[in-house]
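So that we are looking at the same thing, I have put the structure below in structure tokens.
Chain naming follows the written order as A, B, C and D, and within any one chain the residues start at number 1.
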Amino acid sequence: MDNQLKVAVVGASGYSGEELVRILVGHPMAKLVALTSRQLVGKRMGHVFPKFEGMRYADLEFINSDVDAIVATGAEVAFLALPHGLAHEFAGPLLRAGLRVVDLSADFRIKDLAVYEDFYGAPLQEPELAAVSVYGLAEVYREALREAKLVACAGCYPTSILLPLIPLLKNNLLQPDSIHVASMSGVSGAGRTAKVDYLYAECNENIRAYGIPKHRHLAEIEQELSTAAGEPVCISFTPHLAPVTRGIHTTTYARPRLGVAPQQIGEALETAYAGRPFVRLLSGNALPETRHVTHTNFIDIAWRHDPRTGRLVLLSVEDNLVKGAAGQAVQCLNVMCGWEETCGLL
Amino acid sequence: MDNQLKVAVVGASGYSGEELVRILVGHPMAKLVALTSRQLVGKRMGHVFPKFEGMRYADLEFINSDVDAIVATGAEVAFLALPHGLAHEFAGPLLRAGLRVVDLSADFRIKDLAVYEDFYGAPLQEPELAAVSVYGLAEVYREALREAKLVACAGCYPTSILLPLIPLLKNNLLQPDSIHVASMSGVSGAGRTAKVDYLYAECNENIRAYGIPKHRHLAEIEQELSTAAGEPVCISFTPHLAPVTRGIHTTTYARPRLGVAPQQIGEALETAYAGRPFVRLLSGNALPETRHVTHTNFIDIAWRHDPRTGRLVLLSVEDNLVKGAAGQAVQCLNVMCGWEETCGLL
Amino acid sequence: MDNQLKVAVVGASGYSGEELVRILVGHPMAKLVALTSRQLVGKRMGHVFPKFEGMRYADLEFINSDVDAIVATGAEVAFLALPHGLAHEFAGPLLRAGLRVVDLSADFRIKDLAVYEDFYGAPLQEPELAAVSVYGLAEVYREALREAKLVACAGCYPTSILLPLIPLLKNNLLQPDSIHVASMSGVSGAGRTAKVDYLYAECNENIRAYGIPKHRHLAEIEQELSTAAGEPVCISFTPHLAPVTRGIHTTTYARPRLGVAPQQIGEALETAYAGRPFVRLLSGNALPETRHVTHTNFIDIAWRHDPRTGRLVLLSVEDNLVKGAAGQAVQCLNVMCGWEETCGLL
Amino acid sequence: MDNQLKVAVVGASGYSGEELVRILVGHPMAKLVALTSRQLVGKRMGHVFPKFEGMRYADLEFINSDVDAIVATGAEVAFLALPHGLAHEFAGPLLRAGLRVVDLSADFRIKDLAVYEDFYGAPLQEPELAAVSVYGLAEVYREALREAKLVACAGCYPTSILLPLIPLLKNNLLQPDSIHVASMSGVSGAGRTAKVDYLYAECNENIRAYGIPKHRHLAEIEQELSTAAGEPVCISFTPHLAPVTRGIHTTTYARPRLGVAPQQIGEALETAYAGRPFVRLLSGNALPETRHVTHTNFIDIAWRHDPRTGRLVLLSVEDNLVKGAAGQAVQCLNVMCGWEETCGLL
């Protein structure tokens, strides 16, 4: 075990941080050496997360979210599981101290700083980091991830939207201005933060849309779709909150370019994801269900051609905390380290 | 109370039937004289529906679903709360016996018999009834309902989709081929039927789409949209099942016709629904939430114009068992009888 | 409507306050003249509670929680729907200004000030009010409520525990030291307060006990049981949190006194609750289910004698926000005013 | 992998069978060679359980539930995940064919055949098997399990009740006639069977008791408690259904024998479960929560002494499908085979 890679989780008190811990407990190549949180300094991991009591790392004590303290643990890689807007406090210093950084926030995902400021309402701190970051979506950026020092993991909604669409746009099969998306997310996506809006008695037996028409995630979604299409792509996107703890279901409408045959859609997806361990293309009559992917790093995708309208319907599901956050981050780590992509994740 | 209208509920064992009973318990102008069910003959209503024990009608006993027996109760109006495909067994005979009929099923909603057969897989029984039925959506067909003998109540999904769109199509504000709909429904929509797919342990913590790309409700949705538009309208529609008991949330994308200003959208909706007691147009930043309409006959509607895409987003919520079924039926009855439209419903 | 009683709801922003508003919207004898909240001053009721938009009182604006302002509205009765420990700021001044007060908090329920201090951790403010308050449980204190100036409404758990037991203890049928209670409550019982513990993602798919072995509600439960028994009664009580929004289910074990026949239990309950409109004693094989009472003021009760152990099992369900709070308060008001006990509640 | 033990799962279509598959997918010492189901013959495992698609065994096809067919697969151990009353069709023949059998049903748990018949309403088939079976609760019967040919795995409710109580009864610390139990279970406990009572719309937002006062599980609970106490133990037990998919929470009241000091309770539990990998005794203020054990084989236990009543409160939680079924079965297998008790389970 001595040759295991030493990793730290910065901001480990939230749902993504907890999920990182769960994965790292079972990861054969990595060794968790630091958990940080300003509120939880000195607490045992098993005390903070009772479900992990009695398991590996249960006795690890939280340390302060402090760059020097993290460096002192010998960590070689740091996962940043912080709220948006705070990653810059750690990413630069840790990189300069020689660590590799896998950031789960949105901070370094947007290459165009004006777009970032437009969507996030403030200029990016340490903007030069956005330029060197690699977008953390291993199905698309595997090669770049191998050498990445800073990974900006793809967000939860974006992952569910990008993976069905990117192969189709890359193959020039879709009309870029025809994309309409409706996503439903579980409440854990709002984080472990005390807000009345996310109380049980407010969310239970309730469905609602929010954040329209200009949700922040559109910035990275359109950046990546445009890259894939080779031309600007602007989409409609409506996120909804549904009463589940975990899971995202995304339904996407798009129109094939003139002359594209339905089977080309299936072929493009199959070619893109052949051998990709976490993308499952459903066959036959099966449609994706979030319960089949929650607590896993899988994304399940199905599609249908509607002869009545000539449009495609693409359906995808994932666990927002795994493939949409912690699992994605570990998948990136696996690629960065040259390990099996599924290491610790299957 | 002797001058109350005598009403029967045929097929009262399901969720819609139960909801009809709940409303009729509090209805000042109607008197429930018969509840029918083949399985429940002889059972007290309060025994079948323990939540109504101790209330009006709790001692009413179920009778067989038999036309003669229903007529013998003196019923003047019959609500048919039967599974699709069975209404014809009752509608014709009851009409010929002089009753007025409010059917909650899809059987008499479709005017074009070929469309009915295409979507429902079998020819309509008693097709001449479809010709004389009035589509039961009081916000649209109030005048026709006043004299209706047979009402084919609008379905749950259709109501949530039609009410936001019809005023816009009537006013020629939308491109008819631009409509994309994603709806989420609670599980009561599947009925009180013993199927593994609707078990708690299958539906809880799960979101999934179903019935695509050609859900049966498209037949009536497109019929009514086309009537409003004065030209054929063909839409994309994806229903989803979400873990709530009640409630439908519908998100609709549409593109305004060239030259339509966003405020025309709001004006058309406000004009259409001014004084309509069950349509609430949300103002300010508010977005619809199903919890605000469940257990009521309201439909809440909001809309946003997205300057990035030029598209509209229309959002609507209703209780699938009330505005989508039993409440809608009673609202139609109120109009048919010349009572206050809100009678027993507020 | 001019001879309607003018009522105020103080602290109307929480779940109990909202439920009071819902009931008052439909109450024929009372007129809501004031809603108070320190956070919501100036907001329309329909804006704060969108589900009541378009209904009676939707345009009423919240005023500050200030005694003079409340008095100035002409209110004749004030409901206090405040967190525990704050009622004394309003109860005394409002009483002295001539209003009658119906308090939903625990502050004036405990007659023994030492017991209050023991369970609530601080001495009661305005202790003389506890002496004159009437315990707000109309099934037990109807006569005293008629003349009450200050009502201390029974709590949610206490109501579900007291109503099955009091008739049995009054009739000397139970061994007082044999009572063991396990209750399960929905999350709305924790109030509309932003705490991580009550987030959807913390409460969903989770069951846990809390507040043992000395929950605060024991003070009033044992006070009332002891009064009924004519001797001190000390019980075991474990509350649990279950993932429902509303509802309490209480299971109580008790041992009949030597020589008591099982049918005496049923007779005592039937005698006690004959003609009591909100207590439903279930017959046959039926067992209580919270869904049959949520959104109503009913409490459903069943009991079984276990010949194997010689013990009784008593089961009771109620809606914690209605029979356990707002409905109970209105039921008390109805008695105080000489109206039908069910007025506005059925 | 060739020296892996070959195992079959008989009746693999239900929730326990599915959970066995999940565990076996990750079990390093066992190899799944047969899945049986009368309804699913010829279907791929990954098709039946889409969440396991793309994982180990996804291509294994279901075979008929037929003894010869099972034997022909070379299986050395068979798990029987059948409804109660069917295990005898497989247990005897498979044992005679030389397999070891781990039965998850109640059929062979009850040693006293008259008790079995009393609680299960019919005489046991192959009663001689009950005599040779070992009760499958590794924390109590580890030694006997090592040589067992037929294991009758402890039931879900029984496990949650027995593990807190057995050490206390063995040490003579409790009054045997003082035990009162209230348990809450998730809906998966009712199995994947199409019944209206377990539909989502019936169970959601609902809490109810059932099966009182003489639930079938009392037979095995009292058998094992009596064995531990060395004298007959008769208890009160009320199971409740709560709206969660998985998880059991059990609250048990018991009175210590005269002179027993509270710390003896803790010491007895700590001694009994020192080094037992799946029993976690909570310390400090922590109380068990089902979410901390669902999807794991842990049982979490806490206890409190109530000085007011002199009684103990014992609280325990487990996943009904894991520690209450499939995990328990694999834990027994691990002991039977001399493997690490946690093999494949942590």
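In this section, a contact is a pair of C-beta atoms (placed from the backbone, for glycine too) under 8 Å apart; a residue touches a chain by one contact, two chains touch by 3 or more.
Note that the structure is predicted; figures quoted are calculated from it, not measured.
Common partners of chain B and chain C, by the touch rule above, are A, D. For the pairs B-D and A-D, the count of C-beta pairs in contact is higher at B-D.
Taking each chain's centre as the mean of its C-alpha atoms, the one that lies farthest from the centre of chain B is D. Inter-chain centre distance (chain B to chain D, centres taken as mean C-alpha positions): 46 Å.
Once the centre of each chain is set as its mean CA position, chain A and chain B turn out to be 40 Å apart.
Distance from the chain A centre to the chain D centre is 37 Å, each centre being the mean of its Cα atoms. The set of chain D residues that touch two or more partner chains comprises 202, 204-205, 243-245, 289, 291.
Chain C contributes residues 15, 186-188, 190, 192-196, 198-205, 243-245 to its touches with chain A in the complex. If you check the complex, the residues on chain C that touch chain D are 180, 182, 184, 202, 205-210, 212-214, 234-236, 238, 240, 242-247, 249, 251, 253, 287-291, 294, 304-306, 308-309, 311, 313, 315, 317.
Chain contact summary for the complex, chain B toward chain C: residues 50-51, 53-55, 204-205, 277, 280, 282, 286, 289, 291-293, 295-296, 298, 300, 346.
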